[in-house]
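What follows is a pair of complexes built around subunit A, which joins subunit B in one and subunit C in the other.
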Partner chain A sequence: MTVQTASILDADAIGRISDRFDEPDWLRAHRAAWWKRADATPPPTGQEEEWRRTSLADLPRGAVLLMDVPELETHLPSGAAEHGVILTDLRTAVRDHPKLVERGLGQVDGPASHAHFWALAQAAWTGGLFCYVPRGVSVDGTLVARQTLPRADVAFHPVTLVVAEEDSSVTLLTEVVSPDGAAGWYGGIADVRAGASARVRYADLQQLGDGAWRIGAERVVVGQDAVVTTLNAEVGSRITKLGLDVLMTGKGGTSKVLGILAAGDDQQIDINTVQDLAADHTTSDLLYLSALYDRAHASFYGITNVRHGTKQTSSYQECRNLLLSPQAGAEPIPVLEIAANDILRCGHGATAGAIDPTTLFYAQTRGLDADAAERMIVRGFFEQVVSQIVDETIRERVLAALARRIGAESSDEVAA
Partner chain B sequence: MTDELVISGLEVSIGEKKILKGLDLTVRQGEVHALMGPNGSGKTSLAYTLMGHPEYRVTAGTVTWRGQDLLALTPDKRAQLGLFLAFQYPSAIPGVTVASFLRNIYNAIHHPKPADADGERSIKYTGIPLGKFRKLMEEKMSLLRMDPAFATRYVNEGFSGGEKKRLEMLQMATVMPTMAILDETDSGLDIDALKSVAEGINATLSSEMGVLMITHYQRMLNYVTPQFVHVLLDGRVVMSGGEELSHQLEANGYDWVREQIGLPEGTGDEVSAPEPVASH
Partner chain C sequence: MALPNPALSQIPDSYKFGWHDAEQPRTTFEKGISAEVVAEISRIKDEPKWMTDLRLKAYRHFEARPMPKWGADLSGIDFQDIYYYVTGNSSGAAQSWDDVPDYIRRTYDKLGIPEAEKKYLAGVGGQYDSEVIYHNIREDLEKQGVIFMGTDQALKEHPDLFREYFGTVIPANDNKLAALNTAVWSGGSFIYVPKDVHVELPLQAYFRINTENMGQFERTLIIADEGSSVHYVEGCTAPTYSTASLHSAVVEIIVKKGARVRYTTIQNWSSNVYNLVTKRAVAHEDAVMEWVDGNLGSKVTMKYPSIYLLGERAHGEVLSIAFAGDGQHQDAGGKIIHAAPNTTSLITSKSISKGTGRTSYRGLIKVYPGCERSKSTVRCDALILDDDARSDTYPYMEIDEENVTIGHEATVSKVGSEQLFYLMSRGLSEAEASAMIVNGFIEPIVKELPMEYAVEMNRLIQLQMEGAVG
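Take a look at the complex of A and B:
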C-alpha cells in the first residue's frame, strides 16, 4: 500500500501511516503534532542564507511515500544485546521498546535552517533506526545499519535516533543505497545524543541513486566530557542538501566533525553546519573535504557559534575542495560568530582549487598515467579525513564507496 | 640499436619564449655526463622537455632513446622506458605515504597492468607482493642510510631540502632507471646532505644506467665524477669536454666560456653562437 501525495503530504496521509502500522496513541499524537509543526514552518523560499545556493523548484514533492520499506539490515556485535544495546529499525523499536522510543523520539528541534524538513520526517517517517546504548556499556566492534531502497522514484523520510547514555561507548555506521533513475526524495534525519562522558563515533554513508534529492538534517548533542566523532560521506544523489548541528552543550565535551564529499556529473552538494559552543572548555573541530568532477558543485556554509559567557572553548572549521574539471565549482563560506571574550582558539580555513599541474607531472614522470596519477592525488587528498577514521569497518566501507566515484582500484593503493 | 639518448637540434619554447635553441647532446647507458650552465641557460627546461612536461613545446629537433622517438610519448611512457628525472623542486603529495608511492611507481614501471586484462583469463591485478616490496624498500633505504620512519611520511610534505633530494634518490634506487636525469640535485644542500645524496647516487650507479647531472656548481662533481662535461649557454651546448672542464669552469666562471666562444660577457641573447668547441 502506498499513500498518494498530490503535492505534499496532508494530515490524513499522516494519519494513514499510523493506521497502516497500527501505532500506539502516543505515536499517533506525536505524528500529528509534528505535522502541525511542519505545516506551520513553511519550506524555505530560497531567500534564506542557507538556501540561496540550492533551489527546491524541482524537488519531487509528488513522489509516492515509501510504505513497504525493505528490511533494515543491521549488525550488532555479539554480546552487545546481552548488555542491553539495541540496534533495530524504528518500527520494531516502537513495538519492543516503546518507553525508550517515546522518551527519545522527536523531543527536540533539528537544525533551524531545516526545521520544515525535520518536522516533516518526524511526522511522516515510515522507516528508520533506533540505536540505544545503556549507561556504562562499551560496545566493542562496529554497529552497522544498512537501508536499501527498492526504487528510485519514492519519497522516504526515515528517522535515525541514536542514544548513547552516560559513560557508554559505541561506533555506528549507517548506510543508505538506492537505485539510479527517476527523481526521488530522501528526507532522512538523524538525532544523535551522547550523554556525559560517552564516546560516540557515528558515520553516515550516503550512496543514493543519481536521481535522488537528499534533503537531510542531523542534530548531534555532545554531553559533558563526551567525545563524539561524526562523519558524513556523501557520494551519491543528484542533490544533497544537509543541515548539521553539533551542539556542545556539556562542559568539557569534544567533537570532531568530518565530511567526505565526492561528486560528478551535475551533482550538487550543499552543506550547512553549525558548531554551537554553548559550554565551557568545549572543543569542536570540523573538516570537510570534497572532490568535484565534471560539472559538480559543492557549497559549504559553516557557522561557528561561540556563545556569550562561555570560557576556554576551542574550535576550527576547515573546508577544502579539489576541482577536477574546469566546469566543477565550490563555494566554501565559513562564518564565525564569537560572543565570548575568553576563548582558546577559533579559526577557519577554506580552499578550492585544481590539482597543481606540476604535481600531476611529477607523478606522471614516475610511470603513472594521467588518470592513475590523478586518482592517487585525490585519494591522498582524502587521507586527511580517512586517517581519522579509526574504525576499520567504517574506513573500508567509505573507501569502497569512494573508489566507485574516484576510480581508485584498491583500498591499499595509498595506504600500502 | 645502441642504448643511447640522442638529443638533436632541440628547440623548445614555453609560451612565446624560446628557451632551447638547437641543443645537441648524446648520453649512453653506463656514462655519467654533467651539464653545467648558469641560471636561465635552459637546464631545467631540458630536463622537463626530456620527460614531457606539457608546458614545454618542442618546435624543432628530435630526442630518441634506444632509437625510439621520445617526444611522441607521454611522461609515464617515457618512465616505463627507463627514463627518470630527479626534480630540482620535487612536489608534495599530501596523504600519500612514501611507502605507498614507491610501491605504486615500482609497479607502474616494473609490473604495468596488462592493457587487455578482461574476461575469464584476467586475474586480479596486484603488482609486486607486499612482502617482497617491503624487503626491496628496506634494502634501498638502508643502502641510502635512511631512517625507516621515512616510509610512513607523506611524499615531500614538510620535508627539508635535503630530505626531498634523498627521497628523489630513494625513488631512483627503487625503480632502477636506465637513464637518469638529475636536475640540480645538489642545490639547497649543506655539505653533509650533499655528501649523503652523492653517496646515494654512487650506490645506485651501474653500467646499466646512463646519468645526466644538471648542475650550476662544480661541488657535486667532487663526489660524483662525470666522464663528460658540457656547458649549456643560452639554450645550446656550447662546450664539451672531460672532467677537467668542470674545474676550469669552477676556476674561471661562465664568462670565461663566453669569452672562449666569442660571446659578449653576461649575455647570450640575440647572438649567433658558434659551433661547440669540443664534442665527443
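Take a look at the complex of A and C:
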C-alpha cells in the first residue's frame, strides 16, 4: 500500500493510515483534526523571515509515505521498566499505554515557523517514539532509540513524544539513519516536556542520506526548577531545516541548548531557534557550532525572547562557524527581543571565519601534516560543545558520527 | 550637588525645539503626491529635463514598491496627507546671514547656528523646510576648490559633476522611500572636495521642519576625491505638532582612493516625525568612511547607514547611538558590505530605551566570495531603563568567503542597583545617578563627536532622562 504526501495527501489518505493500523477513535479524530490544521496553515512561501534562506521548491512532495516502518531499535537500561519507565515506538505505545499517549500527543502547537510541518506530522505519522518517565523516577544509564529507514526516496513524518514527570531524571539519545541516494522527505518532530524539578538530557543525532530533506521541528518545555539539556547533532541530509522552540515556562527553570553541525558537499543547514524566557529566574544558554566543508552553507536565525514583566532571567545565544573551504558560507543571525528591564544577563555572539593560519602553522610545527592539523583543530573547535555532553554513550556516538565528516583521529595526532 | 558636566545643569523640562513660527509659508502645494506634483516641483526649480524625467521615473517606482513590512510600525503614515513642497519668503540661497528673512533667522538664532559658525565652523548650510536658505563657506576652502552648497544650487552651477554622481550610490528604485525622495527631493547639501585637499574643520548643516504635515526630502551628495578628507555634521530638529511629519532623506557619499569621510548626524526630531532615511557610502581603495549616527528624537526612525567597501584595504565604521523615550521606536544600525579583499569594518552600537521606548539594532555584515582577509567586528550594547521599555537586536551576517574574521557580540543590561547605590552614597539623587550611568554608557561614542555636538548630545540625553528613575 502507498500513500502520497502533501499536495497529494488528503483527508481520505489520512483516514487510510488509521484504517491500516486499526487505530482507536480518539487517534482517528486526532489525525483528522491536525490534517485540518495542516490544510489551514499554508506551507511557508519563502517570504517569512525564517524561510528566506531555504527554498522548498525542490522538496520531494510526491515521495511515497513510508508505511511499513522498520522496527525502532530501543535500549532501556535494566531495571528502568520496573519503575514504570516506557521507551517504545509510538504505535506500540498507542496499543499498550493509550491513556498516557492520548494525554500527551499533539496537545500543543510546535514552533510557529514550522506550524504547517508540525501539523502534517501530527496527522500523518506512521512511526515515532514514546518515552515516559514517571514522577520521582531517576533512570541511570542512557535510553537509546535508533530508527533506520530502508529506502532514501520515501516520506516519513515520525513523532517523538518525551514526557519526564515531576522530579524525574532521564538521559535519552534518538538517532535516525537513512541510505544515500534519491531525494526523500524526513519530517520528524519532537515534543519534549520536563515537569517541575525534572532533569532531562535529550540528544538527537541526525545521519540521514545525502538526498534527504529534513524539515524538522522540536518543542521543549522546561517546567519549574527543571534542568534540560538538548543537543542537535546534524551530520547528514541534503537540506536540513529545523525549528526549535525552548519554552521556559516554569519559574527557575534552566536550559542548555546545544548544537553541532558538520556539513560538506552541497549540504544546506538552516536552524531557527526560539528561547522563550516566559517565567522569572529562568536561564537559557544556547551554543551552536558549525564546521563547514566544500560548498556547505549554514544559516542560523535564533531569537531570544525575554517576555514583558519577567524578572531576573539569564540568557545567551552563541553561534560559531568554522569555514573550511573557500566555497563554504555561513549566515549566523542571533536576534534578541527584550521586553523586560529586570534582567540578570542577556547577550549573544556570532562568528564566522577560517582556521587561524598561525594555529595551523603551530600544529604543523608539532609534526602534523596540514590535514591532520585541520582535523585536530576542528575537533578542538567542537570541544566547546562536546565537553558539555556529560553522557558517555551520547558523546561517543556523536564523535563517531562527526568523524565521518571531519576524519578519524590518527595515532599521530594522539601522540602530538 | 552639581552634575559633572556643567552643560547639564540648565536643562529645560520639555522638548527644547518645540516652538514653531506662525508665518505662513509662501509656496505651498496642496497635500498629497501625484505625477503632477512631482513635475511641478521640477518646473518651479527650473530643472534640466533629465532631472524631471528621473523624478517621474522615481515616482513610478515609489508607487510600485511596497512599504517595508519589517522593522517599525509605519501604519501612521498617510502619503496623501503630507505637503511635499513648502518654501518660505526667501528666493534662493542667501549669501550672508543678514539676507535671510527675519522669522527664519530668528528660528536659526534660537538654534545657535550663526554663533556656531563664528566659533569654529568651516561652513554652514541651513535648510528650512524644503529650500536651502543660507549657505556659506570659508573663502580659503573655496580657493582650494571645495564646493559646499545646496544641492539645488549645485545642479545649476556644477551640472556635469552633479550628473556624474547623483543617484549612483542609491538608485531611484532602491527602496520605496528612496524612490519617494528621488521624486520630490529638495535641498540638502552638495560637497565636493578636490584631490588631496583636507578640510580641517567640520562642515555643518542644520535641518528644521517648521510646517505641520510637512515632508522633508533633502538630498545630500558628498564626493571626496582621491586623497582628500572631510567631516560633515548635520543636526535636525522639528517643532512639536500633533500630526505626523515625514523626513525621508537620501545621502550618497563617494569616498575615492585614499580619501576619508566622516558623516555625523545628531537627529533630534520631535516625537511626531517619521524619520525614514537611506544613507549609503561607497569606499574605494584605501579609503576610510565613518558614520557617526545619533538618534534621539522622532516617533519612528528607520535608518541603517551603509558602507560598500569596493576597493582593497578600504575601511568602514559605523558608530550608532539610539535613545528611545516614551512612544518612540529607534530602529537603527548599520550595514557593511565587504566587496574587496583586505577590507575591514567596525560597527559599534549603543542603545538606551526608557519609559515605553523601544530601540532595535538592525545590522548587516556581508562578505562576498573572494574578499579574502576581510575583518569585521560588531559590538552592540543596550541599556533598558524601565519595565515597559524594550530592546531588540537583529544582527544579520552573510559570509560567503572562508578566509575572514567576522565577529558579533552584544550585551543587554539594566542600570544596576549596586551602581545606583554607590553613586547615591556619594550624594547624587537617583535621577542624577541614572543620568551619569547613561552618560558613561554612551561615552565611547560621544567622545567621537565635535565638541559642541558632544555637549548637545549630553544635554539631549539629560533632557531625555528628566524624571527617569532607574
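Throughout what follows, the second predicted complex is superposed on the first by the 404 of 416 C-alpha atoms of A that agree within 3 Å, B and C clash if a C-alpha of one lies under 4 Å from a C-alpha of the other, contacts with A are read in each partner's own complex, and residues count from 1 in each chain.
Here is the rule we go by: contacts are C-beta pairs under 8 Å (C-beta built on N, C-alpha and C of every residue); 3 or more make two chains touch, one makes a residue touch a chain.
This is a predicted model, so every value here is computed, not measured.
For the composite obtained by superposing both complexes on subunit A, the positions of subunit B and subunit C are free of clash and fit together. When the two complexes are overlaid on their common chain A, residue A:Ala339 makes contact with subunit C while staying clear of subunit B.
Once the two complexes are overlaid on the shared chain, A:Gly367 sits against subunit B while remaining clear of subunit C. Once the two complexes are overlaid on the shared chain, A:Arg135 sits clear of subunit B and of subunit C alike. When the two complexes are laid over each other on chain A, the CA centres of subunit B and subunit C sit 70 degrees apart as seen from the CA centre of subunit A, to the nearest 10.
By the touch criterion stated above, A:Arg20 is placed in contact with neither subunit B nor subunit C. Of the two partner chains placed by the overlay, only subunit B lies in contact with A:Ile377; subunit C stays clear of it. Look at A:Ala328: by the touch rule set out above, it reaches subunit C but stays clear of subunit B.
When the two complexes are overlaid on their common chain A, residue A:Glu49 makes contact with subunit C while staying clear of subunit B. Of all Cα pairs linking subunit B with subunit C in the superposition, the shortest spans 14 Å.
Taken together, the two structures place no residue of subunit A in contact with subunit B in one case and with subunit C in the other. In the complex of the two chains, the subunit A residues touching subunit B come out as 356-359, 361-370, 372-373, 376-377, 379-384, 386-387, 409, 412-416. Looking at the complex, you find that subunit B touches subunit A at residues 48, 51-55, 74-76, 78-80, 83-85, 87, 90-97, 99-101, 103-105, 108-109, 112, 125, 130, 133, 154-155, 171, 175. Across the complex, subunit C meets subunit A through its residues 70, 369, 382, 384-414. Taken in their complex, subunit A has these residues touching subunit C: 49, 308-309, 321, 323-343, 345-354.
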